[in-house]
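Dropping the structures in below, format is structure tokens.
In what comes next, chain A is part of two complexes: it sits with chain B in the first one and with chain C in the second one.
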Partner chain A sequence: MTDILCKTQDLKITFPHRLGDFTAVHGFDMEVRRGEIVGLIGESGAGKSTIGNAIMGLLSHPGVVSGGRIELEGENLVDLSDTAMARLRGGRIGMIFQDPMTSLNPLMTVGDQLSESIAILQDLPLAQARQMAADRLDGVGIPDAASRMGQYPHEFSGGMRQRVVIALAMAGDPDLLIADEPTTALDVSVQKQVLDLIRSICVERSLGVILVTHDMGVIAETADRVYVMRYGKLVETGPTAQVIHQPTQQYTQDLIAAIPSIDHREDRFRNPAKKTGEIDQWLLQGHKGEGSGDYVTASALTKDFATKKKSFWGKAGSFRAVDIPGLSIKRGEVLGLVGESGSGKSTLGRMMTGLIPPSSGSVRYGDHGLMTDVRTRAARKALRRDVQVVFQDPYSSLNSRMRVDHILAEPIRFHGLAEREETPRLVGALLERVGLPADSGRKFPHQFSGGQRQRICIARALSVRPRFLLCDEPTSALDVSIQADMLALLMELRRSLGLTMLFVSHDLAVVRQVSDRVAVMKQGQIVECRAAEALYDAPENEYTRMLLETAPRATGHENTQNMRRAT
Partner chain B sequence: MYFLLARLLQATIVMLCVALVGFLVFQFVGDPVLSLVGQETSVEDREALRESLGLNDPILVQYARYVVNAVQGDFGISYSFNRDVSEMIADRLPATIELVMLSGVLSLLLAIPAGIYTGIRRKGGIAQTIMALSVIGVSIPSFLLGILLILVFSVWLNWLPSFGRGDVAVVLGFRSSLFTWDGLSHALMPAAVLCLFQLGVILRLIRAEMLEVLRTDYIRFAWARGLPGGRVYFRHALKNTLVPVVTAIGLQLSSLFAFSIITERVFQWPGMGSLLLHAIGQSDIPLLAAYLIFVGLVFTISNLVVDAIYVLIDPRIRHGAL
Partner chain C sequence: MLERIRSDFWYELLNSPVTVVSAVIIALMIIGCTFAPVFAPHTPFDPATISIMDNNMPPAWADGADPRFLLGTDLQGRDVLSAMLYGGRISLQVGIGAVALSVVIGMIVGLVAGYFGGMTDAVLMRVAEIQFAFPPILIALLFNGILKASLPADVFAQAAVPIMILAIGLAGWVQFARIVRASAMVQRGQDYVTACHAIGLPTVTIILRHITPNILGPVLVLAMLQIAVAIVTEATLSFLGLGTPLTEPSLGALIQIGSQYLFSGIWWVVIFPGIMLLVMVVAFNLVADWVRDYLNPRLR
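Right, the complex of A and B next:
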């Protein structure tokens, strides 16, 4: 207990504001020892990143530490001057940021950035620093490190960039490393490698690591101890296994229960309680007596994107983003489409809904025929009404200058689905149907939280009485507790309205909860497409198996059932 | 390299289009034969003249001939001076170049440090003062500023000459008035007037870009890496602000070349601007057409240079990643 590296005591962080100060962290106590990874978990706005920034002395303006202590080996950092604090950065405390794509200066070679850091922090001549830089790159697992020194950040993949960032953060051989969501922007297979790297550096150099994240899976696989935060306060702390399997606080229990499991499909998503609003009759108008069979079928679908020309007279090359022999979705079915970034899953989803045209091949709708044959204005309008999309980012997919009731009324009026006098009542009913107060239409999108905005997006999609919904990563930008609500809403709507859905996501656990069938994509091709339960329980494809095995699990593989009983 | 070759090709096409406009000016502004001959010239003589000037050839042939001549520096004879147009431009060009160079160097020397400073200390008193002054610099019309400067420094203080270009000296094979004290004292006030306007624009742009870049993750990460302030600001931040700044500087300097008319007029500076004014007054078509092509050339070259600088600054352009 004597080897405490860093500790915060009754830490209070305030953001002064003319309408009253906002306290982001109230009285937070934490200890970090050498050679241990401490997880700091909470949902957005919990103040977890603020603590990391405060230890680093990099609180964003106008935040200040308004009380308590931050100690690094007994020295109180709160009292230090700016210049003394600047000397600690890099040398005693290192930091890794979330997005490796933006953490590196795009105009300097990786080697220059690393040798710059080493030369300054270790006080070495540049030539010597360069040699050391190559060793360090090699040390974080960058193959062929010496020759990649002269390359720029954009020539590295996401995972490799995060390794470079780690090498940079470790350039001054710090004692404490703060990793702020270090793997959130990475694919699962890469995520595991980066976490393993952080783990091994921590053990080898007996480094203290503070791992800030919203992802319980990452904590479960990496952290020794965990601090759960909410509204700037500590909720619960203890060894990771204890907190995850026997949480004592209600909030922690809820947080863990909200995490969708990758190992089984939860009943609340499989058989959602059927609700009916009066709006459902309106939503189902004109859709009685549909046949069975496929709702949409893609055959021999490809999409090519042009790449840069190599030489002046050369031909522009092309890159085949999607190349599938065929894919169909039955009426009323939810097809999950999973894959890592760049696998072509979003491109495929967009082609299936006609948002982008395919390079070759065709998409046929059961009710409308071949998409290329839909030529008349009226037929196109009817197709577009039946096919709706919910996008990933609820912040950028709503027009911030329009009131919510106008956002919802516009498609209703455009498609002539209701008379002018009737529309406001419908809009209110739609908002209620997705779980918002009926009078929230009078507000603007920025007055809602992320989850509420996503509900507005769903209401907008529903407002034209669609039959087919493309959900493109609809929950990726949301906190885990809100994510669960959103999935429940989508599943309930699907059951009540008999919607057909294409659910695109990188998150295998989420896809398992909602899908009847799942297609796994890799480099533009579907490597496996089967009934969801069969695919998850006994993957046939090597790549699918790898994805399932590397996905971080909050609760471990075998303890799932115990934990669920405990909650 | 491919990027620059493509830009060179584009530049050539642009210049051909500009030449076409210059050539068309001749076609639309009256019959050149009428302006060359007197009333008593017979119809036969006029026809012979027309034939010998090549005015009866197909229009494309005439255009091709115009382009070929222009490339060789032959823009014809000025109507009002009866001199070779290219010779006249060559006479006036050095005066304009030295004015543009002097004001450009002055404004960059002031704008870059001031822009960085106001970007870093945006709340400070000095920064606020600089920003307020820069608004004045942008908004005062150049003729007014020129007259004010003449009033203060020539009439009241009698420190600087009020008009004209000073003595010329040759240094390292360049003839310029900037190499003599007399020449420099003549150039100082017009250069200051030209400088002040650009100063405001470039300073504000650098400041805005600095504010933008200082918010990025890689700057936050640079702080977290423990880099000292000077290195973060000048090495990491400044370079990332340069691409839009270089564009603006390129456009600003080119427009100084072409359109410093008012300043040149106020200070009676014998440069391109006063030549243009004269050509317009006299409807001197060959001179106007040549001037048009010259302006096009200046803008095209400066854009090419700007593109080349992009490639030097940003490796993503070099590798075709953007």
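Right, the complex of A and C next:
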């Protein structure tokens, strides 16, 4: 076929290591045609980004292409010298990176960066390049492009910045565009616009686009064909709709089944298998008055953050990050809190758990009264025991210098929940309860994977026998198959221990799976707060509706959903 | 991904011959100097064992040398090699002692400033910056001078080593305070510290058990570098005649003694202690560089 723009043939990429070489990609075949978006999907460690980097000739040290070919219109890129490769980069191959915050030079105006690239890549005088740069910015949908040329990257929002990055990638009029997780750092409402832009550029200029992502929703909405990867090998390939709706391989089927749906609630999350044991007896001990009614009630809660002073003598301004009249969570209820970045959802979550003090207003706990009244050391200790947190980043939330059993034993010992001799056995039982081997406590956190570390974090939160758990984006850093396990674990713990939970996430689909009620936040305020099913099925607020409509759906919208369930 | 295994330390170390050589030199110097009375062929500062008849002997391989004195003797007939071992002992004591003092002060100030921030941080770090504006040698001179003026002469002479440790240690804590403060501020924002708050752990426990072990890496690197600096500072003070007394000379004092005879052809009295000082300082620097690279996984 002549219209094949880029192809890899039996591509093998190796990272040499003294304990034996690590092969990141084994024999990968792929074809990209002009005017086509090819999706490359896989979980972390699948080798998808490595392939993108190899095509660009930007493999990170010490990786090498140890076999096979990468062809761009018949020319083998593997044999090219570094200088020849450098000429191709930007010129015939453009790249869009994940994080628009770090892929632009913060000290250069957007116009300078773009016109410099155009001048170099197209060999034009700078004045002409500037003219062209303004047109290009206009072309990627930046309003008032000519006047925004003189602004610095920090003056642009995340989505606008990613548009600039796309304009930069297009500076040399490339034939092939590699987009590595181009929307992962963006909010859903912006994500759709950026994907639409990539789509339209691809069609208009008949480019080949390789879209590297972990998100099946992004692939479903954008790619024409998809390659599913696992452990550096190709699992399955075909037209997107076919792979998503009739996957032939077990792995692809599992992967698609693990994606939580935004359109309905999966039964396995609602009615998880109930697991009880001796450890649950221990975990349930020592709580007074179960009762009913609200466990946490926030009233007239606000949080202000100081902003930079305008001048040296000027007064510091403030920015109201959270401003809500009231919010309560019933005993044993899971309240989902969704919102885009900067909506104040994490700040609200942390105020509800007493980790940061509110600027005004109060939080009342069922058993402890007002948080601001908890002044004695003993009372504060009792409160801290009942309220625990699971964080987003499983890497920074464990002390890397402490052994796991010490991490888990410390809170038990500190709160005097068990005798010294009894503690190691309890630590083992806790680890088993969250699905890890009882003897894994002898290892250090870095010896575990992200999902395992998140289980350790959950075990640590459980170790003080809490009643209320804040989950702050607990699955956002995890692969989708691990995310499903984690949600199942949290729901199962919630049922058997009767935990009250505040579940904070930007991911509407995840929140739907776990929440009884959902609150939607926008710019520090709650715009809608209702029972989950009602809110998702018939959103009353305009903003909620927009969020639900723009969220990418892996399995398409309702009609295709039903088709899949029928098969 | 590739599993990091424990023997990485030895693998990385053995892959850097320069570091191995430096580490061996440091080890030999520490052993040789610590057990100077055992290894030294003579007791250079015991008047009973030295003879003025042996003065100004050249090194063993030169003409007119005495094989008893491997690196020759000085004007009073003291064995240069033995004097170097005894002198090196003082230099190492002062270097390591002074850095230990700097680390303790710097860690306390840095942890308090970095963890609590705000006003506490502002006050502590302004004090540190004021001290940082003065050259450390000047501060060491100042402390040394104050102690010399306020203590009787014989006490001062006897306590020369602790006084040097105090003077140089007090001059060097600021760098540790700054690096610890910066690391503590980073660690304070990590989720594991927030998790400690959620558990309700007291501040002291959070700082000592959780934050401190996570900031020891950069402190270790700086300490290795600062040992070399402290040794040089001590040598400079002794060279200026403000450090150790001539009856108990450190390497710096030996160089000062020898420098007076350099132009009369008696080169060995100054050159050998000079080489020893140089090698000691370079070895500490090279090991420190390697430790920094080892602790920074991005460079591997």
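Going forward, the second predicted complex is superposed on the first by the 555 of 567 C-alpha atoms of A that agree within 3 Å, B and C clash if a C-alpha of one lies under 4 Å from a C-alpha of the other, contacts with A are read in each partner's own complex, and residues count from 1 in each chain.
Note that in this section a residue touches a chain if its C-beta (ideal position, glycine included) is under 8 Å from a C-beta of that chain, and two chains touch if they have at least 3 such contacts.
Quantities reported herein were computed from a predicted structural model and do not represent experimental measurements.
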Clash or fit, chain B versus chain C on superposed chain A: fit
Where the C-alpha centre of chain A sits as vertex, the angle toward chain B and chain C in the overlay (nearest 10 degrees): 30
Contacts of A:305 with chain B and chain C, given as first, second, both or neither: neither
Partner chain(s) touched by A:172 [first = chain B, second = chain C, both, neither]: first
Which superposed partner A:389 touches (first chain B, second chain C, both, neither): second
Partner chain in contact with A:99 - chain B first, chain C second, else both or neither: first
Touching partner for A:319 - first (chain B), second (chain C), both, neither: neither
Overlay on chain A, chain C to chain B nearest C-alpha distance, Å: 5
Complex contact set, residues of chain A against chain C: 15, 17-19, 22, 45, 353, 355, 380-381, 383-385, 387-389, 391-393, 396-402, 410-411, 414-415, 446-447, 457, 460-461, 464
Interfacial residue positions of chain C with respect to chain A in the complex: 1-5, 11, 190-192, 194-195, 197-201, 205, 209-210, 213-214
Touch list for chain B against partner chain A, complex: 1-2, 5-6, 216-218, 220-229, 231, 235-236, 239-240, 313-316, 319-321
Chain B contact footprint on chain A (complex, rising order): 56, 58, 86-91, 94-95, 97, 99, 102-109, 116-117, 120-121, 152, 154-155, 165, 168-169, 171-172, 308-312
